[in-house]
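In what follows, subunit A forms one complex with subunit B and a second complex with subunit C.
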Partner chain A sequence: MTARSRFLPGGWLSAYAFLYIVFLYLPVIFLPIFSINTAPTPKFPLTGFTLQWYEDLPRTPALLDAAWNSLIVGVSASVLATVLGILAARSITRYRYPGRRAINGLIMAPLVLPEVIVAISMLLVMLQLGLSLSLFTVVLGHVLVCIPYSMTVLTSGFEGFDRSLEEASADLGESAFGTFRRVTLPMVAPAIISSLLVCFTISLDEFIIAFFLTGTEATLPIYIWGQLRFASKLPGVLALGTLLLVASFLLMTIAEILRRRAARRTQNEGGLYA
Partner chain B sequence: MPEQPQRSMIEIKNVTRSYGAFKALDDASLTIREGEFFSLLGPSGCGKTTLLRMIAGFDNPTSGSIAVGGQPMEGIPANRRPTNMVFQSYAIFPHLNVEQNVAYGLKRLKLQGGEEKRRVEEALAQVSLTGLGKRLATELSGGQRQRVALARALVMRPKVLLLDEPLSALDKKLREQMQVELRRLQQAVGITFVLVTHDQYEALAMSDRIAVMFGGKIAQVASPKEIYQRPVNRQVADFLGGMNFVKAEIVEESGASLVVDTLGFGRIKTDKPKAFVRNGGGATLGIRPERLRVLWDNATAKFEVAGKVVERHYFGEITHLIVEIPGLEKPLSVTETNDFGADDIPVGTSIRLAYDPEALVAMAD
Partner chain C sequence: MTAAAEGAPPLRMTRARRNALLQSEPVQGFALISPTFLYALILLVLPILVVIAHSFWTQHYLTIDRTFTLENYRVALTEPIYRDLLWRSLYISLTVSFFTVLLAYPIAYFISFHGGRHKSLWLFLITIPFWTSYLLRVMSWKVILGYNGVLNSGLMGLGIIDEPSTALLYNSSAVIITLTHAWAAFAILPIFVSLEKVDRTLVEAATDLGDGPLRSFLRVTLPLSAPGIISAALIVMIPTVGDYVTPKLVGGKDGVMIANAIQAQFGKAANWPLGAALSVTTMLIVSLMAGATVLIIRALQRMAR
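For the complex of A and B:
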């Protein structure tokens, strides 16, 4: 490798990279900017700075209800998806059996299926089963979309988990449960927490499935959708949207840090790699 | 060599381990004595690791029995066996520091009044890691991890320490240093060590006795010297370094000796190996390359063969000569140290080689 190729060539490529980032993030930047603007319509030039829209948020009972609903759905879906993900990820990373790759592919598939189709299919199935639409049905839907994400995070944390660590624990006199508590759990805990955070974020932001599967109870994205009909409510929506954005960004960052820590723990061990 | 009567520590009786039709271990029987350094030596897939894992309790025999310290191990899980293991990957717990790793097994014993701390210190001192107790596993070199794994097992004061290819991940220099240290440590603590290795020099340098294994069967159990000098068959001979094989015809066979005729070495009387099976009228003799000596100038020896150097390979402290002997179908390998100028013998030179008929051993095919 020559010294020259270590640096990004100046000129056109840098300009392209800059435009690329602008294209990705400019729309997102508008949200917080207009949320602190005094004018109720999102238009330039800006008229002045205010936090009024944020102060109004806690005084809206419908929004608090929606936030509470989102919290319930998010926690339930992330716990369920992570538990199911742990079982699947452990089986896929630990054992070799025919159909292992196919199973992995099928679990990951909901990631690329059109969400509208998934939502309509689930609606049909749940109605056939005689379930009445409620937050519970939303949780089921969110578990389905969260599992691929959970699997991605967990397999990267479990991959390369040296089985001899568990054997070493048993060899030193520890019982199966003690081994799980003192070795397995501490090693994979970062990956599990990371999976919980990712799933919670996905569920918090998810709209289509929640829209189809909820009854009368709205989650935050559905509440936002409802508010968009009223022009006067827009600044509040922008403020709420900004908060969701910040929360998602923080949760995903923490999740990624934890995932990397888990992957480092399991993968860079053993003298063979030293 | 007179065998000293010693108490046995591990009794392996007719142990077979099958996976479907494949037998990883086939009717293996073995006695390992108390306090000895015992090696299981063989190529990969010979069943040595399977046997070690069955002693540790990570695997169970399909048939046969294993006893440790006189106690049958059947049905006893790994966590209640009087054995401890040093894993090939070391299996250091990455979320614990050195001290916590070493104290891992002691925690369950709930030792009183600083006894745990004292034993951890002692174990760290035994492997020369004093002062590194607070280091994380990720901050250690390969050699240091190896020592942590050793200390973690030794601190449990097991009856038997099992070592699964513990030196294979280290570089050559560190490996040779650890061989000496391990041997010294074993003699200091007096615990029975069972080492699995595919490295014949490692086994020869460290062990009191070696079991050579091929294809799930134990081919020979003996001291390093005996295994090297009197291998029971060609496979064992080949695995433990270079060996010149010479075809011979049996002239006379008695209880303990054989008289054979060879083309290159003439008529030779040799000890008959225990496992010797007469294969028609033929037999195979073997002589190690270093047991053949170049005769310089007019020097003579009682037993010598004449030949011509066809190849020469220089290895620093030694030179390898390939010498063609009239009548022998394969040329002989000769190893000479480079103190007398073996590295200067030109290819094509006619030379004479001295040998001791004792060094020619008969073996099964």
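For the complex of A and C:
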């Protein structure tokens, strides 16, 4: 034990971990810093505090449209992906059957494929099918990339789920639906909400697939992309970016808390009856 | 369920048997996963097959000629511009995955061996920047590395340089730095998982048998965590080879990657078959590179033992 802590001693490693965290967070922190700076270009020294760039945001109709579009896409994609995720995660954690691992691998594949290739393949098929590009096609694409994340969250919530609880409920005379509503659902609800939040965040931040699959309607990242061409628009983009960062951060923190609660709940229950 | 089937009168046998089959574990499990499976088939597998088919066709203005041809692949592999873009994309993704894994390993080790009770808090802290918009993270690097950017103005303010350096932005190093930062968190998780599986008693045994700390790390911990290193390398290498946003925002002319060329074929250049052939070629080559990486790491792992 002592030898292990002597090699790469905890002190050195802690220092490295600290630096690493700085490396991870520092670039992101420049966005909020320069979004409240009076100068229109992001450089040091800072010139003064202002909320002007934030005040301009609600006065931009194109931005409001994009925010509304993002909301529609995010809600639809997260609900659809979570429903599909629940079915798949339940099947994977509850049943054993041939081909289970291969199917799981296929469903998780969008996670490790280059997004451009996923986006372009879908674009080709949609154009071939004569689907006109719209927010609907963006939703279809976002559902595909959200399912793997939804699966990850839900599987960790469903694993360790004690089947005997459901059996007990059925034996005591509950219908299948009653068992689902009164036994299964309360135990997995935190994982499901967590999955909804994670998927919403991913959809809100996703750029490539939306970029290829949307028609004329922009989501927030597409709006930002369009603004990046104009140097004078940068402060507004920084302000909007900061708001998106804060939203993602909050949503993911809530999702993580819920996911842990779900994992703890199923494990505790399992432990109690095992 | 089977008991009911056995006890049923012969006439109702077939239906009972069918019910038993329907209620059997594999059938129920498969039925439950089938909507998600179908979704992935229709929106992932089918599209990829369509791309592969297109890569063997030709486009004349707005019509697609469906006669089989390898011409697109000849162009993709021999035209200097695409060949260079492919090589550069492979070089960038290989470099990025090397540095990401190198930087991530100590962190994963730290969390696994010294994280104590706060392991999940550490993991959460490290993954949270990853959940913010990728576009925004790339954008912040543009802000940092730009001509009038944070780094230049900061260095000038400190008196280290006299005039802004143009060497920071718009080249492949800027792409490598940005991608290494963007994928950092992704590499930590698989390494962490495999380190968690390392049997601590083995490390102690090595120490008891006289191996120094460094030797026991190199001969026990590191080889045993090789699966994590492999998946971390692949999870970074495969997506980064097709990155579009980073080269577009911070790459400039010297940092253009293959995804930008693929996008152009589906946009302005409007040559879908060539774009398809470039996509397929990229996927094939990155798969080969990934396979080679796996073999090399496995060979190193054997050598270490």
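One rule holds in what follows: the second predicted complex is superposed on the first by the 255 of 274 C-alpha atoms of A that agree within 3 Å, B and C clash if a C-alpha of one lies under 4 Å from a C-alpha of the other, contacts with A are read in each partner's own complex, and residues count from 1 in each chain.
Operating definition for what follows: contacts are C-beta pairs under 8 Å (C-beta built on N, C-alpha and C of every residue); 3 or more make two chains touch, one makes a residue touch a chain.
Just so we're clear, the structure is a prediction, and the values are computed from it rather than from any experiment.
With the two structures laid over each other on chain A, which partner does A:133 touch: subunit B (first), subunit C (second), both, or neither?
neither
Between subunit B and subunit C, whom does A:241 touch in the aligned arrangement: first, second, both, or neither?
Only subunit C; A:241 stays clear of subunit B.
Contact-wise, after the overlay, does A:72 reach subunit B, subunit C, both or neither (first, second, both, neither)?
neither
In the overlaid three-chain picture, which partner chain does A:13 touch, first (subunit B) or second (subunit C), both, or neither?
second
Contacts for A:106 in the overlay, against subunit B (first) and subunit C (second): which applies, first, second, both or neither?
After superposition on chain A, A:106 lies in contact with subunit C alone.
State whether subunit B or subunit C is in contact with more residues of subunit A in the superposed arrangement.
C
Applying the document's definition of touch, where does A:121 land relative to subunit B and subunit C: first, second, both, or neither?
In the superposition, A:121 contacts subunit C only.
Between subunit B (first) and subunit C (second), which does A:254 come into contact with in this model arrangement: first, second, both, or neither?
Neither partner.
For A:221, using the defined touch cut-off, is the partner it touches subunit B, subunit C, both, or neither? Pick first, second, both or neither.
Touch status of A:221: second partner only.
Which partner does A:31 reach: the first (subunit B), the second (subunit C), both, or neither?
The second partner, subunit C, only.
Considering only the defined contacts, which subunit A positions touch subunit C in the complex?
Against subunit C, the touching part of subunit A is residues 1, 3-8, 10, 13-14, 16-17, 20-21, 23-25, 27-28, 30-31, 34, 41-45, 84-85, 87-88, 90-92, 94-100, 103, 106-107, 109-110, 112-118, 120-125, 128, 140-141, 143-144, 147, 201, 204-205, 207-208, 212, 221, 224-225, 228, 237-238, 241, 244-245, 248-249, 252-253, 256, 260.
Which of the residues in subunit A end up touching subunit B in this complex?
162, 164-165, 167-175, 178, 182-183, 186-187, 265-266, 268-272, 274
Once bound in the complex, which stretches of subunit C touch subunit A?
Within the complex, subunit C contacts subunit A at residues 25-30, 32-33, 35-37, 39-41, 43-48, 50-51, 54, 103, 106-107, 109-111, 113-114, 120, 122, 124-126, 128-129, 131-137, 139-141, 143-144, 146, 148-150, 152-154, 157, 181, 184-185, 203-204, 207, 212-214, 216-217, 234-235, 238-245, 249, 259, 262-263, 266, 272, 275-276, 279, 282-283, 286.
Under the stated contact criterion, what part of subunit B meets subunit A in this complex?
56-58, 77-80, 83-85, 87-95, 104-105, 108-109, 137-138, 140-142, 145-146, 152-153, 156, 169-170
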